[in-house]
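Chain lettering (A, B, C and D) follows the sequence in which the chains are written, and residue indices restart at 1 in each chain.
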Amino acid sequence: MDSVVQRVVQPVVQPVVALVDVVAVLGSFPALAGASLSVNRGEILLLRGPNGAGKTSLLRLCAGLLPVERGTATVLGCDLVADRTSVRNRVGLLGHSNGLYADLTVADNVRFWGATVGASQHEIDASLTRMGLANRLADVQVAKLSAGQRRRTALACLVARRAELWLLDEPHAGLDATGRDDLDVTLRSAAAAGATVIVASHELERAGALATRVVEVVGGQVRQVAE
Amino acid sequence: MNTWRIARLVAAKDLRVEWRSRVVLNQVLPFAALVMVMFAFALDNDTVLTRVAPGLVWLATMFSLLVIVQRAFAVETADGALDALQVAGVRLGGIFLGKAIALAAQLAVLELMLLAAAIVLYKTEVVADGIVLLVTTFVAATTGLAFVGTLYGGLAAGAKGRETLLPLLMLPVVAPVLIGATRATEAALGTENATPSDGWPWIGLLALFAVVFGVGGTLAFGSLIDE
Amino acid sequence: MIGMLYAPYVIGSYVVTFVGIGLYTLRILAQARKAAGQVPLQDRPWS
Amino acid sequence: MTGFMTSTTSPAPSDRAPTSTTFSRALGIAALVGIGWLIVFGLFLSPNDRVQKTGVRILYIHVPSAWLAYLAFGVTGLSSVAYLWKRTRSLTWDRIAGASAEVGVLFMGITLVSGSLWGRISWGTYWTWDARLTTTAFLFVTYIGYLAVRGLGGTHQQRAKRSAVLAILAMLEVPLVHFSVTWWRPLHQNETVENGKLSGLMLFTLFVGIIAFTLLYVWLVLHRQRVLTLLDQVDDQGLDVAIVERRNEVVNAQEVSP
């Protein structure tokens, strides 16, 4: 009876990310020790917390890279406990590493990662333009770029991937002022278009202004932050 | 994206990486040539060298294979590209086939150079009626080596101590190729009065090897990589 | 009885065999004893 | 002894031999008796062979250990298939595969050492590039590689999946290696044992050897598998403790932060 009323008042919206008491291990170390988190469609969630708290592991778990040791985890309706590979292709992850081929040019890289999801040449050009790379940088080898320029390239690859859930680990790090503005515009428009964004960052002012909600990750757990 | 399109994409990417970096061309080929010269120092006898030339060509191929495979997977793991491929939901069987194709292309160039080195340094002579057998041997052996190299290279890629683990795992497996390809090459070149008809049964073994590890690798690669 | 000529080979092979097996067995038992202190009885399906 | 008297928490017998059961103890005693018999018969009671002279005595340990090494690798392969086949992904199959491979490598090492000592007596050389010898040597190296991969780390299920796939690849590889070396060196040296030229007492001694080594194999795999279970459980418990510690970082962080 109760549930019927609820369904009438508030239509059941399945959260994009639903983690309940998740434990995940790196070797024998519990990087996540009972993390629970729920994220809805269109949110831009900021994960903050000290180094080694488990932010990166949380993102990798949502991307289906890190297996769920205990607890339940559903991302985009896919049960990660049953098959963590099922969510792939629908999420995009920008981790600590950029996932770039250093010997290839910027355009080569974006073209390759775009092609993995069948992106058109137009979409690839648009991604390069979005991150301010559609200039002379496009034909430079990634190995010759600065750290910030590589980060931009990795973001352009992510844009070309058209993911439903964006997972970004310290995306602002190394970027200059224009790069940060480009990033914020990109993330806002992705969220506006129905994607969900989770950002782990230490730059609380910058990312806090961007985020629609903030949670704190400490000791492998997620704590709500009163705002 | 179906497996075959992924394979073409990955193969083109790997060959482009080699085209832009020229690591195999500038480092592995000279290494292989050096090995051929060192064999001559060690054996120090023209008659013996001509006699064992086919074996030395394939032995030098095996050593170079180890180096090329390390390089092929270092490209994927250096900046987390292998993780990114998994998050992108790329079919791992497609990655296997693509990397094997690129590896086979590089091996083919290497083997041609080694054969040329044997002709110049070891007084090996290619005879006309053995040419079909020779080409068939190189195609069959290269295919098998590329499959095994990719399979075990992928297994060792994420592991600690990968540099030492790879030879331990791979060399026992490629032993049948070393034996089969050497005997078939001897038959094709007429070493010790062998005739091409002596070589064809070995082609059967090489082909069987290529098929077993091609099918086995496409099926197993995913579960070896996806940890 | 063992012929004198090849006695070192024969005895050597027996020694290598049983010393090898013996050392491996001791290692298993030592590991078992070390681990056993930390695992309660109900977690050993065989006991 | 005093330690035993004062200890109240755990019963002494299970702590001194925690992987033993009545069955395994009986098995172990039987294996020991078998080995005692083997040594008595093999070294003293059995006669010299007319052709091989005293060298035949090595065969009483060489042949059984070779047979058990092959059996052990077969068990590893089948357990790996069983692990991947069942949707439950039972780690028991994985531990049996690992235990059997370890024991197989041990027996294969014994086979190679005793075989080359026998070859030195019978053929006058430690090694010959005969197909069977060569295949055996490759098996030895292949399963050393398998054990190295088992030790790579990761979760128990990751280890199990990776090594099961590798064991199945090894099963594909072995026939290929065997075919290639058989074609390469088809000539076999004299196979006295297989041709059944041994006298009654010699055959009996060989029989004793096979029984003793088989009992030993079962005992070793049984115990090794149980030890691996204990070690996995110690890992799991370590995880429980580590989770509690990890969760306490929250409290500590609260104390530190303003």
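Note that in this section contacts are C-beta pairs under 8 Å (C-beta built on N, C-alpha and C of every residue); 3 or more make two chains touch, one makes a residue touch a chain.
Remember, it's a predicted structure, so these values are computed and weren't measured experimentally.
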- What pair of chains is linked by the most C-beta contacts? C-D
- Message: I'd like to verify one number: the distance from the centre of subunit B to the centre of subunit D, where each centre is the average of its C-alpha atoms, in whole angstrom.
- Response: 33
- subunit A to subunit C: how many Å between their CA centres? 53
- Between the Cα centroids of subunit A and subunit B the separation in whole angstrom comes to 38
- Message: Using the touch definition from the top, which residues of subunit A touch two or more other chains?
- Response: none
- Query: Residues of subunit C that touch two or more other chains: which are they?
  - Reply: none
- Query: What parts of subunit D, by residue number, touch at least two of the other chains?
  - Reply: 153-154, 158
- Note on the structure: Here the pairs of chains that touch are A-B, A-D, B-D, C-D
- Message: Under the definition above, what is the set of subunit A residues touching subunit B in their complex?
- Response: 63-65, 85, 88-93, 95-105, 108, 112-113, 115-118, 141, 157, 161
- Task: Can you check the complex and tell me which residues of subunit D touch subunit A?
- Result: 153-155, 157-158, 235, 238-239, 242-243, 246-250, 252-253
- Note on the structure: The subunit B residues in contact with subunit A across the complex are 1, 6, 9, 13, 16-17, 20-21, 75, 78-81, 83-90, 226
- Can you name the residues of subunit D that touch subunit C in the complex? 10-11, 14-19, 21, 35, 39, 42-44, 48, 53-55, 57-58, 61-62, 65, 103, 106, 109-110, 113-114, 117-118, 120-121, 216, 220, 223-224, 226-227, 229-231, 233-234, 237
- Message: Give the list of subunit D residues in touch with subunit B in this complex.
- Response: 138, 141-142, 144-145, 148-149, 152-154, 158, 161-162, 165-166, 168-169, 172-173, 176-177, 179-181, 183-184
